[in-house]
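I've put the structures underneath this note.
Two complexes are shown next, each including chain A; its partner changes from chain B in the first to chain C in the second.
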Partner chain A sequence: MSDSTAVKTASKLGLDKANTQKWIFLFIAIVPPFGGYLLFTLFPNILSVYYAMLNWDGFTDAKFVGLSNFITAFQDKYVWRALTHNLIFMITVPFFVIIISLLLAYLITNKTYKENKFLKVLFFFPNVLSTVVVALLWAFIYDGSYGLLNGLLKFIGIDIGNFYWLGNESTALASIIPAWVWGGVGLYAIIFANAMLAIPKSLYEAAILEGAGHMTRLFKITMPLVTPIIRVSALFLVVGTMKGFEIILIMTNGGPFGSTDVIGLYMFNLAFGVEYRNYGYASAVGMILFVILVTAKLLIDKFVPNKGYEY
Partner chain B sequence: MFNGKRNRLMSTGAAAVLSLTMLAACSGNNGPSPSATPAGSDKPSAPAEAEVYENGLSKTEKVTLKVGFFVGGYGREWFDYAVDSFTAKYPNVKVDITASADMKTILSTKISAGNDNDMFDLFNTEPSGGIIGLAEAGKLEPMDDIWDFPLPDVPDKKVKDLMMPGMYESTPLINGKRYEFTTASSFGGLFFNKKLFEEHGWNQNPNTWEEFKALLADIKADGIAPITFPGIHPSYHNWAFGTAKNFELADINGHVEEFIDNYRTYGLPQYTNPETVETWTRFYELGKLGYFAEGLPALNHTQSQMQVIQGQAAMVSTGTHVENEMKEATPADFDWGYMAVPFRDNTDQKLWIRSGTSNFNYIWAAKPELNKKWAKELIAWLVTLDNQQFAAEKAGALPMRKDLTDDPAKAANLSSSAQSVLKYIADNDAQTFKASRSINISDPNLAQAEKLMNENIAKFAMGMQDPKPILEQAEELLKKALEAEKKN
Partner chain C sequence: MKEKRTLMDIVWRVVLYAWALTILFPLVWVIYESLKSNPEFFQDIWALPSEFRWQNYSKAWNQYGFGQSLLNTLYYVGGSLVLGLFFTTINAYALTRMTFKGRKLIWGLIMLSLFLPGINALVPQYVIMRELDLTNSLTGLILLSSLGESVFYLMLLGGFMSSLPVELEESATMDGATLFQKFWRVIVPLSTPGIVTVGVFKFLGFYNNFLAPFIYLSDPKKYPIAVQMYSANKQMEFTADWVTLFAGVTIAMVPSIIIYILFQRLLMEGATMGAVKG
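Up next, the complex of A and B:
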């Protein structure tokens, strides 16, 4: 064997080894999470399409009822009412979370407060708390007898007596929004702040030299460059708000008089209710939720610009 | 129909979809140990006399009982106490307890998963959706025989002989069999601060509906909300104003047995029969008079009970668990009083009280025979005098043993709420009864009927909604549900 052949063979062996290692790495990196996704997410989700066609309480023999559960769900006024509430949350919560998060992020990154690090921790704090704690905290704020809100209003001269914000049909739904927003702002403020910090300083320096003012720099440099992050955040927030119901379960349990009921809570009670339980019907409601989520995703894809800028 | 494997596959998938994706709290992993030592569990054996206990079970066969324990208002201290003495007496039996306040969800998930080996041998609360479907499917072990067991501490008496009157009769029947056994009685009604009543000179035992209304007027005139309950969980109204009142009216009208039978089987009319309409109408009238606490729709059960402790409301609709549940927040000298809501017009008519079954127990049928036998022994052990007294004194549970409640020396140590309830029942010769269904309906129209009612309870209480049109709508939905069930 000539030297050149030996070198080639050694090189080929080296490449083969590298190739093998690469495939082993890919296998180890991809198969467990992908397998978990198939087993615990995709498989049960596909199965639930089938469950939605059953009259089944989970204990006894299932009865195939075809599309009956879907027909009932479309005629169920509670489904539509819950979806209306979801729609309100889906619009308001992501909107306020993004606006407030952007504002906080901008202040943190552009103002040289010496407390910046502390403020970041403070903003993030609600994300460390469990949803249960956040919900209970806000339930106490809204309490009619001892609530902080009534006390604050009284302090500034507005005495509304023992008004129970969560006990009134006209205020309960709106009262949940600040709690939900407060619980979500911190995480997105940190995400946006880091995105803003990643923008090269030279862009701002060049703009300043060319006479760009504060607002011009914000809307011509900062916002366009963080748009992809906002887009992804909007998607997470819309989907999360549509699915979420834990905060409502604790604060109002869908009340008063159903005025804060949402589709996830309704579905949960259909599947795990104290007196009533029907996995089939709950799955049908879940399928409707699934279709809505996919639609929301497509709408965001279509209407929120997906234009990234390179720098 | 579906075969077992397919059903199990479906069950597992459904539990995963509805539990994992909706973040339902599901846990309950008890470790890898099997439910029982399999060897010999089901073997017919005739061990030598010295190797068996007085109950005929082997001293040498080791058994692990897996218990799913719901931690409710009575806590778990009383159960641990009973288990300690049980395992000391029967050292071959180990009791593996999974305790949770969310046991209903844990049970539902385990049952839907369809793995009998992973399921508890014994559990003390209903899974979500109730037990009728389970019993009908043969998943639960009938418990009729426990009532004829000799009492472990009074072997010459049967369990049935020393139980509180009415408890055996109140145990729900499904297809003629009893599938649950309660080890503590529980009663619903209005609980109040005795001292506050004494200070204001309010009537602590109104005998009739008119006297009751006069009491509420007196309380309101003194600037205190007469009644509260948690509007977030409006079914709490049922402890004082619920089905027992329908039964009371049906009794006054002379057809209570027919009424109860109709209730059990969802016989029509269910929501619009005269007694049910009358009950809700009276409830609504109290609401219109402003007798329920302001802000009630926003209250959870702890907040509503706190209102009574803090003197903002005079009475709360709840059960006898209230004393133990609120013990951390109650002043040491607080004395709980109790009354039922009398719907009767005179004392010749019977007063009905909602009887609960706290700490009711169920045994999973697909477990080894030996486990089921020991599970029944453990249940019988829970009604020994020592265990009953401990549960009554430490947890405020109302005893099942009448030789405890009949003995003034022993009864003197019961919690103040338990004493108040027992005295009230004796003074008023009240009829206690547990309302239960004997058939299961899974059609979604029933869920809508129940949701409709639940959402309007707080409206009735606030005097904002006449119950009659709501009851009519609920009746229509129930009719649809029954028709759909017939078709299936």
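Up next, the complex of A and C:
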């Protein structure tokens, strides 16, 4: 009898020990990362709603002003100008990225050129470069006096002098688009190529037996089967382009004369720029962007057809 | 079976090569311009260098304080990588293979991050960091970068770990292994491929990180390479010292190129996984 009690106590002690151990383990495994997430991600997101209602330069006492920051924002012509630029980027960048990636992915997977393997590796390379390097490379391309683009134009007989593509209001915005597209194509080309490779060969073989040509196979088999992935990619690209501003910050910082300013960059400069600081107003602009992004996400989810195909 | 080559094949190949050229050409151009002298460069942006001026590189190294910013980068990237990788791995294990109260709630809150664009949180995040006295400090930046949750990494590692058979853990428990020993001796070695993938992505993320160091570091002596290159470009607007900047950009690309050569397969597979799982 005493034996069984001893066993019970021992196993209970063991259980307690195992339990304590489990809690220590869980504490180490959960608290630092999840705590960091709460502190640096979730809490600031909630706080931003409150900040948006303050008049605060970040140092002196904050003043609660209710919704007046939002009213100011809606009347702020710089906000509207920035949003217009956002709209342009949001349409053009994802569009070109997807079209170019699809074409490249199709050629890499469906043609048996021996250099395809090398090309696939090369195409992905810009995606491992930092935004700073990508932006600087393109700034070199667009430079007026010594840029590659003007040099190339001169080479084929078009001399436009020392035209600064990024320094001119009428061309700066359009010049940023290729740089942004260039930095994004590789990733999506690989994603689409892998999706195309996953399509069973038997489908194509059956189609060939039935006499389907190249085009029929492309539009009846390949495209429908990669559509779900194109859809997810489009969502990512649209949302990413809408909130992205790093490449613009480095290439032009919104200039010249605000002709390349976007809403994220406008907010960034309101908060951290050199001229003046207004944390409250910056947060209000940030909230507007937040609402736009979440709405865009939900709209795309709802209205872009999500037809999955089984094979 | 050999495919029949048609006229269209020439067109397609031209398309492929054209895109390849947009990548190779600027890179090669920057590298060979970095070996010229400034007058040579100003005279003709196409001509090859008459002699290789390797001194541009030592000049870039000294002028842009690459020594210091390399140390900063090593500290920031290394610290964030070690700390972040440890916590991400142990976190993924706890969240995917252990049962405890509140697990569902934690998952739910983490999933919320997929809806948060993060940009509206920049200002409050800065204020919090300032209150904690973590601004203008590389250590503060390490804490910000390595403590947090990422759905992408959790999916990647969690997927890996949940494919390991439960019997492995059970037999380790039978042998009297504690939870920590089990994690360290059984789970970590078996999840190595997943951990390496996460590590490579984290490395690139930290090395390429521009915005956070740019916001949080006010002292240029603390700049990592990415921010240093940005301010080098700003300086160049006044000095017109192009070739040195080209050399600097080339130096800044070296770590990316090395990582890419070593891990390109892994990177391409991981990137696809991220997109498909969303």
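Note that in this section the second predicted complex is superposed on the first by the 271 of 311 C-alpha atoms of A that agree within 3 Å, B and C clash if a C-alpha of one lies under 4 Å from a C-alpha of the other, contacts with A are read in each partner's own complex, and residues count from 1 in each chain.
Here is the rule we use: a contact is a pair of C-beta atoms (placed from the backbone, for glycine too) under 8 Å apart; a residue touches a chain by one contact, two chains touch by 3 or more.
Bear in mind that the values here come from a model prediction, so they are computed numbers and not experimental data.
Annotation: superposed three-chain arrangement on chain A; chain B versus chain C shows a clash.
Within the superposed three-chain model, A:Asp57 lies in touch with chain B and out of touch with chain C [touch as defined at top].
When the two complexes are overlaid on their common chain A, residue A:Gly167 makes contact with chain B while staying clear of chain C. In the superposition on chain A, A:Leu148 makes contact with chain C only, not with chain B.
In the superposed model, more residues of chain A are touched by C than by the other of chain B and chain C. Legend: residue contacts after superposition of the two complexes on their common chain; A:Tyr113 is shown touching chain C, with no touch to chain B.
In the superposed model, A:Pro32 makes contact with chain C only, not with chain B.
Looking at the shared chain after the overlay, A:Phe236 reaches chain C, while chain B stays out of its contact range.
In the superposition on chain A, A:Asn19 makes contact with neither chain B nor chain C. With both structures placed on the common chain, the touch criterion links A:Tyr78 to chain B but leaves chain C unconnected. Judged by the touch definition given at the top, the superposed model places A:Val274 against chain B, while chain C stays out of reach. Put simply, of the chain B stretches 96-104, 312-320, 420-428 or 438-446, the part that bumps into chain C is 96-104. For the contact definition in use here, the residues of chain A common to its chain B contact set and its chain C contact set are 40-41, 43-45, 47-48, 51, 58, 139, 145, 243, 246, 264, 267-268, 271-272, 279, 282-283, 286. Residues 3, 9, 12-13, 15-16, 19-20, 22-27, 29-30, 41-42, 45-46, 87-88, 90-91, 93-95, 98, 100, 106, 109-110, 112-113, 115-129, 143-144, 146-149, 178-180, 183, 204, 207-211, 215, 226-227, 229-230, 233, 242, 245-246, 249, 252-253, 256, 259-260, 264, 267-268, 271-272, 275-276, 278 of chain C are the ones touching chain A in the complex.
Taken in their complex, chain B has these residues touching chain A: 1-2, 7, 10-11, 13-18, 20-24, 104-105, 108, 111-112, 128-130, 133-134, 136-137, 139, 231-235, 294-300, 303, 312, 440, 442-448, 450-451, 455-456, 458-459, 488. Residues 40-41, 43-45, 47-48, 50-51, 54-63, 65, 69, 72-73, 76-78, 139, 142-145, 162-168, 172, 243, 245-246, 252-258, 264, 267-279, 281-283, 286 of chain A are the ones that touch chain B when the two sit in their complex. The residues of chain A lying in touch with chain C in their complex are 18, 21-22, 25-26, 28-30, 32-45, 47-48, 51, 58, 100, 103-104, 107-108, 111-113, 115-116, 119-133, 136-141, 145-146, 148, 151, 155, 182, 185, 187, 190-191, 194, 229, 232-233, 236, 239, 243, 246, 250, 264, 267-268, 271-272, 279, 282-283, 286-287, 289-290, 293-294, 297.
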